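Below are two complexes that have subunit A in common, paired first with subunit B and then with subunit C.
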Partner chain A sequence: MGIANWIEIGRMDELGRMDTPAHRLDARAKAVVTLAFVVIVMSFPRHAVSALTPFLLYPVVLIAVGQIPARHILKKILVAAPFALVIGIFNPFMDRVPVATLGPLVITGGWVSFVSIMFRFVLTVGAALALVACTGLYRLGAGLEQLGVPRVFVMQLLFLYRYLFVVADQGVKMMRGVELRSAGAHALRWRVYGSLIGQLLLRSLDRAERVHGAMLARGFDGKIRVLRQPSFRWTDWGFVGGGLLFLAAARAWNLAEAFGRVLTGMAR
Partner chain B sequence: MSTCAVDVRDLFYAYPDGTEALKGISFRIEHGAAVALVGGNGAGKSTLLLHLNGCLPVQRGEVRIGDVPLTRETVTLAQRAVGMVFQDPDDQLFMPTVAEDVAFGPLNAGLSPEQVEARVAAALERVGMAPVRERPPYRLSAGEKRAVAIATVLAMAPDILVMDEPSSYLDPRARRRLIELLRSFEHTRIIATHDLELVVEVCSRVIVLDTGRVVADGPTGQILDDEMLMLAHGLERPHILRHRHPH
Partner chain C sequence: MHMADALISPAVGGALWAVSGGLLAGCARKVQQTLRDDLVPLMGVLGAFIFAAQMINFSIPGTGSSGHLGGGLLLTVLLGPYAAFLVIASVLTVQAFFFADGGLLALGCNIFNLGFFPAFVAYPLIYRVIARDQFGTSRAWVAALVAAIAGLQLGALCVVLETKASGISELPFRAFVLMMLPIHLVIGVVEGLATAAVVAFVARARSEALPTAPAAGASVSLRPMLIGLALAAVVMGGVVSWFASTHPDGLEWSIAKVTGHQEVTAPGAPLHRKLAAVQERTAMLPGYGFQAGKAAPAAPADARPASWPTVSAGTSVSGIVGGLMTLALAGLIGFVLKARSMQRVSGNG
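== the complex of A and B ==
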């Protein structure tokens, strides 16, 4: 089923239901640390690259402890990559001030900031995906709500996620209908696409109404309830404390450089 | 209980675009009865069903669930008494796992975790879906989805079951299981369907709708066996009845 199959939307749910130390952490703890992670990674000056490398540790540890297949996460990062590429791609053209030379190669500030943008993208999206894979979106949503995120946003997020699959499926079916009747002509006219997308929107709205009806029929009053109320344990506090400490240290000092100095010092 | 009979009196409904879907429908269904709503496409079956648990507001006429007339204030009561199984299970199953989906209604009703768990286990057991309780609903087959959708409604312990095309998308075996399940319920059942053979096996009474009106209402054998009536309203006499006659 095309893209929906390739990025394996349902797979994230299965991963989220596994039982590992990373999964057992409270959703709120992981959400807080990941949010701090994203904010701190974004706060670096625009030419930072080496100082960012220690931040790889967080998503990598989460993925490793959570036993998440790294390939799966990488694939999803790839799907989102074009967006970051569009944001960063003009930097090399706008900023041509040379900052370093590598033999005959002159490296401009633009290229450095481009690499920095792409690296930050991989870090933040990777951390967010690792968070979802280690928590499951539904538990994450419940956690966010407990943290005080407005319920409307949480519900939006959860339903977007649940029905992405169904709507994508609907889109695929419509495309198949078009293909079957376009007699091998590959280039569709734009007008056809316009009406297809309009149709898909209308169908999605209809479905949204039916789903809402089904929820109301089962006594939905705007509040999500979960069977097991999670409790915040000392391991969760430890995770939050340790995580924030690491992030603060990595922001304050360039750990990569320090590590390099230690290594070269030892070599000497 | 007093909330088991369904009474519809002179019900009218027009959609916002002006389409008159219901033009004066009246019937009464007693406690424990299994009644089929049949009629061609656009006869008003689905519109009528949506009135029974307050998904659509009553514009003119009256819907009574037990002794209570359905109004904006009594909608919650109706929702508790009337369990609605929608035509497309994808509209009804929106939680990440089967168990959580079945628990959705009871949790909203404010039951304790132990009570909810008991309801979930009992409802899944009843429809034979206990083995898939931890699976995500969208990974199930059409027959399993339908059974789980019915379980989500059973878990609310309704007095009345309302179903829209319960046998659509089902293969013969899943359909057979569904029929056995429907026959085993002691609830008041209102089933809108084109599957007339299912009607013969499950329902004792048939209400025929055409363009928003009740055109016939009576015992299943009598109504469905009336070839002229069936053909006049876009239906046909089910085979199962033809072969019942002595040759």
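== the complex of A and C ==
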């Protein structure tokens, strides 16, 4: 987690505050469809590749309508890729059953499932990032609360988010101080680390105390009032209905293969 | 150790969502019952602190590498298990949403692996027992070290079990365990030392910031331990038995699963035969060497071609052509939509 990440998270926050048709959709509608999307993508058998391709449409449409810069999302997907890559790369070595040949290349089942894993990774991560970029954490939190997530947890999420930048800024300042005094060493020595993180913790605790005092001064009674969005509009219902219908259709039929059949049929 | 969505089946992801959701609801109720309203800002700021602490690295003595704090155990020492579990869950949620660390479906697994074990196993069963409410003593250092290692080992083991139960990775159980546990032993040592160092510093600099001896009558009670153990046993038992019953043998399972689709996509279907004939004549993809009705000709006879209908012969051409074209189409649709909405914005402004 480098300092560059903080700029990135600020960028996501900016994107979440834009006003486009995708942003105006109810947070609950987007959350439900995105969750259904991830579950359905992961419910395919492990060698599915072509059947998964139509699913790319969902994150792409959300990103395009929400005017999210695609390069930004792609970069985030690439940065997060190592875990799936490290686990998935074993498939080609474990499963060496040949399933097809492409010219001189023999394709094994392991490679097919590896491609499937990496494609699913792009799909699921892309959908989650698109959801946040088109909603923002505040609206998402309010939506989650309306969906029945415990209030304390939603509050915790919003508070954490609220102070993320403040505490991180403190951390960055302290690191700058250390760097100025320690001639270019990147990682800290043991004793320095303990007291530096300890200091950061103490400052965070002090800040929490001040925040609490300020909240009491403004009449805080232990409850957080989350701004509620107006009720579901017909566009939200349309989004949920259309989204689920598309997901169900793409799960039931291999749309890409049918498309391919039409194409190869036309080629005749 | 954040698991990704791409390696988890809906059954495993859903089960762990249910477990973590239940724990979350229970912890939320517990925290609300404490009636400490300063807990709300404290939890929020400490969650932010964990993020900030994770960007500061220290060098691991004797090696060239560096590490950083994970924070699960430290939060539990500072806040107690219930509030700490909520904070860890919120940190993981923000990481999943903003950094693509983990994912939506995997969130339940990640909260369980990285939150349950430090908060409800390592802290009450190991840390409290060894440290006996001391801070900064050698006892406390040992306690943090052992508790962090145990928590991370259990979490890593769970990652392996969840991945195996999902059946998407082909990695054998043994090899996976041998890969994960040693790595997390090292991470556990680092985590334990970092936790102990921070706690020792706070004990020296401002001891009142640490939770002092527990309130009367609440000295290391057996109840949370037993509940924690029982929960862990139930979950482990559930995951393992589910895995054992549905995957008697990885290969048999995959064959049975795939052959279930054979009726639909078998290469012998008339449409496919016709299609393959079309393909042979038009040769749209000349390098693609196979014949309808047979699996890949290069495959040796004993390669069990029948178990691979979803990717074999007849369906492959339309699958590949259709897949590529669908991807292109999806990209095109996105491009057009974006161009249109940009136009509308500039038209408005």
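In this section, the second predicted complex is superposed on the first by the 182 of 268 C-alpha atoms of A that agree within 3 Å, B and C clash if a C-alpha of one lies under 4 Å from a C-alpha of the other, contacts with A are read in each partner's own complex, and residues count from 1 in each chain.
Here, contacts are C-beta pairs under 8 Å (C-beta built on N, C-alpha and C of every residue); 3 or more make two chains touch, one makes a residue touch a chain.
What you see is a predicted model, and the numbers here were worked out from it, not measured in a lab.
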| item | value |
| --- | --- |
| Touching partner for A:Ser43 - first (subunit B), second (subunit C), both, neither | second |
| Contacts of A:Gly260 with subunit B and subunit C, given as first, second, both or neither | second |
| Partner chain in contact with A:Val166 - subunit B first, subunit C second, else both or neither | both |
| First, second, both or neither for A:Arg17, with subunit B first and subunit C second | first |
| Touching partner for A:Gly136 - first (subunit B), second (subunit C), both, neither | first |
| Dominant contact partner of subunit A by residue count, subunit C or subunit B | C |
| First, second, both or neither for A:Phe220, with subunit B first and subunit C second | both |
| Contacts of A:Arg207 with subunit B and subunit C, given as first, second, both or neither | both |
| Overlapping contact positions on subunit A, where the subunit C interface meets the subunit B interface | 137, 159, 162-163, 166, 207, 211, 215, 220-221 |
| Subunit B to subunit A touching residues, read off their complex | 50, 53, 55, 76, 79-80, 82-84, 86, 88, 90-92, 94-97, 100, 103-105, 107-109, 113, 116-117, 134, 136, 138-139, 152-153, 156 |
| Subunit A residues touching subunit B - in the complex, by the definition given at the top | 10, 13-14, 17, 136-138, 159, 162-163, 165-166, 207, 210-211, 213-221, 223, 225-228 |
